[in-house]
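For reference, chains read A, B and C in written order, and residue numbers begin at 1 within each chain.
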Amino acid sequence: MRLTRRAWAGGMLGVALGGMRAGGSAANEAPPMAFEPDGQTAVTLNDPVGIYIDHKDQLYVAGAEGVDRYDSNGQRNRRIETTGAARAVAVDESGQIYVAQQTRIEKFSADGQLITAWGESGRGDGQFSYVTSLDERDGFLFIADAGNRRIYRFAGNGVYVDAIEKFAIPSYYFDVTLGPDDHYFYVTHTGRRRVERYDRNMKRVDYWGESGAGASKFFGCCNPTHLTVFKDGRVATAEKGIPRIKVYDPKGAMLAHLGQEAFPKESVHMDLATDSRERLAVLVPKDRAVRFYRIVTVEAKKDMTEKDHDS
Amino acid sequence: MTLKKKSMGRRDFLNNCGRGGAFLLLGGTVGALGARLVRGGEVWQIDPNKCTKCGQCATHCVLDMSAVKCMHLYKMCGYCELCTGYFELDPVSLDEGAENQVCPTAAISRKYIEDPYFEYKIDTDLCIGCARCVKGCVDYGNGSLYMQVNHELCKNCNECAIAIACPADAFIRLPANNPYFDRLV
Amino acid sequence: MIKILTKKNTIGILFAGLFLLACVAGALALERFPPPDFDTDHTLPVQIRPAARGEHWAWIDMGVLLVSLLAGTVIVLKTRSRRAMVWLSLFAVGYFGFFRKGCVCPIGAIQNVADALAHSSLVVPLVVLFFFGAPLLLAVFFGRIFCGGVCPLGALQDLVLLKPLRVPRWLDTALGMFRHVYLGLAVLFAAMGASYLICVYDPFVGFFRMNARFHIWVLSGLFLLLSMVVGRPYCRYLCPYGALLCIFSRFSARRVTITPDRCINCGLCREACPYGAIHPSTITPDAPPKAPADSLVRLRRLILGAGLVAVLGYVGWETGAAAGPWFSRDHFTIRVAEKLVAEETQGFEERSFETQAYLDQGLEPETIYQEALLVKEAFTRGSRWFGLWVGLVLSMTMLSLLQDRPRQEYEADKGACLACGRCYASCPIDERNFQGDFDVEAFEAEREKAG
C-alpha cells in the first residue's frame, strides 16, 4: 500500500511538474518576470480572509473579529469590530470603509463609526447568500455573492441597482475587483476557471483562462480564487488546491509564476491587493501574514540574488 | 468411610463457594457493562477530518470487498465540470474516457445537468474504498466526497482491522443509531 | 481503572464534539454553501445513508447461540450421544464459522470486556456481552458445553481430528499454561488500548473468511495439520477463553460423567478421549487407596506451596515491569512517537504514513512524546499485574502436578474436559453402544483371571 500511495503522490507531483514544463515551453519558454519578496506585515486577527489597500497605501485586513487597518509602514492604527466575521473589505476615496459579512454589508467612517448597514439573506434580487468580495468606485459598490452566484451593484447607501447572474461558482471563492481605469471590473469565474472583464454597463467585454495543471493554467474545480489588477492592466491571480500566484498580461499570457513551494500546504483565502508602488500584497492566512512582492524581470531578480550572495 | 465422607463434604463446600464466587464475578462484570447499554450501541466510523486518504481501507477490511466506501454529500458538491474527484490530474479531455478517470473501477458516473454543471454518483457496489477520488476532491475541490464505513456491509468487528492499520487513527466509535458523519462546509 | 491517553479515551471527547457540531450546524444553517440553482428542474438526489444491518443479525446470533448451548447441554447431560454432538459441531462450523465469518465470538469478546472495564467511555454491544457471558455461565453449572460443539474454532479442529496422539501429562500441563499467559496478555493489551491480540492472531478466522494474509494462512495451515494428530491444539494450549472456561468449569455442578456408579474401570473411555482429559481410577487391585497424609505434613506442604506462589509471583511482578515498555510498542501512540523520533534524528526520504498523518493535524512532536511517556508508564503498571498473573499460573500449575487426589472411578477432568462426547460412545456399560449384549460379569471374571 505504501507503494501505491507513493505512486499516487509521485504521479500527482509528476503530472503537476510535467504540466508546468509543458505549459511554459509551449507558450513562451520560461516566464519573463519573477516575484521578489519585499517585506511582510503580521496579522493579529483570527481567520483572516480578505485584504484591501486604499489610495493612501493603508492596508486593511478582514477576519473573524472585524477589520484591522495598518498604515503604510505596517503599523496597526485601528481595529473596527463588526457584528459578524468580516469576509471582505473595501474603502472609498474619502476613506469610508465597507465591510462585507456573509449576508450583511456595514459601512464605517474613516475613524470607525458605523454609518449604515444593510443586507438580508435569501436567494432573491439584492439578497445575500454568501458574500465573498466587494469593491467600491464612484459611490457604487460591486459585491460578489458566491452563494447566489451573482455580482451585485449597489449604491453606496445600500440601494440595490442591478446584477449579473448565472456565474458558475462551485465553492465560496468569488472575487471582484475594479480596474485601474474606472471603466472595467474584473471577476474570477471560478467554475469556468477564467478571469472575466466587465464594463460599467455590466456587460462582459472579454475573458481569458485555460483549465489544467500547467503553470499558466487554472487547476481544479474552482480557480482562480482571487485576483487584483495593476495600474498597467496586468492581472495577478491566486489559486487554492495547488496554492500558487501568477501574474498575467492584459491578454492572459503568463508573466510570472510563484508555485506551491512558496506557500504553506493547503493554503486558501490568499486574497490579493496592489499598492501605489506597484507591489503585490498576498494574504497568507496560514502564516498570519500579508506578504509583499515586487514583480521584476528575471534578469533583475538574478542580479539581486547575486548581490545578496556577494554581501 | 466416615473420613472419606467428611473430605467429600469439604470438597463440595469449597466447590459451592467457588461456583458462587464465579457466578458473582461473571454477573458483576456483565451487569456493570450491561448497565452502559442504556447509552446505546456503538459502531465503527471514519472521522473524515482526520482521514488522510491513504487508501488502506481498500485492502485491510476483513471483508473481500471493503465495507468502507466513498460517500457523496450532494448538498456540498459544486457540480463541477472539472471534478478533481472524477478526473485525473491533467485529463486528456473532459469526458468519460477511462484514461481520464481517477476511479480504478469506474464506480463514479457523471451526468450532464446543464452548462456547466455535472452530477456525480457513486456506485457503492463498484467502489472499493481506495479514496483516490476523495483525495482529489478534498485537496482541490469542495470535499463533498469522503470516506465512510457503510453499515449495510460492516460487520462491526471487535477490533476493526482497518482501524489497526489506519495511520491517522481516524477510526472511532459512533452511536449505532446515528452512525455517519455529516460533513459540513 | 488505569487512566491513560489512548485513542479509546478520546471517544468521549469526540461525542461531546459531535454534539457541539450538531448544535453549531443547527445555529449556523446559513453558513452552508448552497448547491447550484439549476435552470432545469434538476433536484438533488436523496442522500444515501445505509442503516446498520447488525441489529437484527445480533438478535439472530444470540438466539442461535442460546439454542446451540441448550442443545449442547441436553446432549451432554441427557442424550449422551457423540453422534448428536458431531451434528452440532457441523452446524457450528457452518453457521458461526463460514456463514457468520467467525464474528462475534466469545474468545474475542474477552478483549471488548477488558477494554470496557479499563475505559468507562466504551459500551460493549449486547450481543458481545451475551457471547461473552452465556458460555461462561453455562460452564459454572454444566461444564464446557460451548467448547464441545458450539465453538466453531473447536468444532473445526474436532472434525479434522484423524489419529490422536497421546500427549504426555507433563507436556500437556506445561503447554496448557500458555493459554493462561495468552489470556493475560490479551487482557493487558486490550485494556491498554493496544491491539486485540486474539483477533490479530486468530488462526481460523482467516480460514472462515478465506482472506487472511500470508503469515496467518501459514498459522492456519499448521494448526489444522496439527489438529489431525493432536486433539484441538488451539483449544488446549492457546485459547484464552478456554482458559477462562477451564477455571469456571472447575466449579461446575454437573458435567460430563461416564456412567457414574456403574464404572467397571475398563479404561476404554480414557483411550477414546483425544484430549487426555480422563483420569483413571486410582483404585486398582494392586494399589489400595493411600492413607491421607497427617496434618503436620499437610501444613508443611501448604507453607511450601505458599512460598512457591509468593516467590514466583514476585519474580513475575518485577519481570512484568521490565517487559512493560517492550509490550507498549504495540500501542499506536508509541508506534507513531518512535517513528517520529527516528525520522527527527536519522532523517528520512519520505515520512511514514503515521507520522505524516500526525503532523498534518498540526500537532507538535513534543505532544505525542509526552503522551507516549504516559502510555509507557501505564503499560509498565499493567504489565506488573500481567507478570504476577503469569507467576501465579506457573506456581499453581506446578502445585497441581504434585498432588493427585484419589478417584474411585474413571473421571473426566473438570477443567480439561471439552464435552465432545467421545467417551459416551466408547463406554461398554452404555446400552446404546452394545445393545445390552455386553456381559459385565464375564468381563470382570476375565480380568480377575488375568490378575
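In this text, a residue touches a chain if its C-beta (ideal position, glycine included) is under 8 Å from a C-beta of that chain, and two chains touch if they have at least 3 such contacts.
Note that the coordinates shown come from a computational prediction; the quantities given were computed from them, not determined experimentally.
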item: Central subunit by CA centre of mass proxy; value: B
item: Comparison of A-B and B-C (more C-beta pairs in contact); value: B-C
item: Distance between chain centroids, defined by C-alpha means - subunit A, subunit C (Å); value: 63
item: Whole-Å gap separating subunit B and subunit C, where each centre is the average of the chain's CA atoms; value: 26
item: Where subunit A and subunit B are represented by their mean Cα positions, the distance between them in whole Å; value: 39
item: For subunit C, residues that touch 2 or more chains besides their own; value: 31, 33, 36, 353
item: Residue list for subunit A, restricted to those that touch at least two other chains; value: 5, 168, 170-172
item: Residues within subunit B bordering two or more other chains; value: 54, 56, 77-79, 117, 142, 185
item: Residues of subunit A defined as touching subunit C within the complex; value: 2, 5-6, 102-103, 121, 123, 129-130, 146-147, 149, 168, 170-172
item: Residues of subunit A that touch subunit B when the two form their complex; value: 1, 4-5, 8, 11-12, 15-16, 18-19, 168-172, 191-193, 211-214, 219-222, 240-242, 266
item: Contact footprint of subunit C on subunit B as seen in their complex; value: 3, 7, 15-16, 18-19, 21-23, 26, 29-30, 32-34, 36-37, 39-43, 47, 50, 52, 54, 56, 62-64, 71, 73-79, 113-114, 117, 119, 121, 124, 142, 150-159, 161, 164, 167-170, 172-176, 179-180, 182, 184-185
item: Interface residues, subunit C side, partner subunit B - complex; value: 7, 10-11, 14-15, 18, 21, 25, 31-33, 35-36, 38-40, 42, 44-45, 47-55, 101, 103-104, 108-109, 111-113, 116-117, 122-126, 128-129, 132-133, 136-137, 140-141, 195-196, 199-200, 205, 209-211, 247-248, 250-253, 292, 332, 352-354, 356-358, 360-361
item: Parts of subunit B lying in touch with subunit A, wherever the complex brings them together; value: 54-56, 59, 77-84, 88-90, 94, 115-117, 132, 135, 139-142, 185
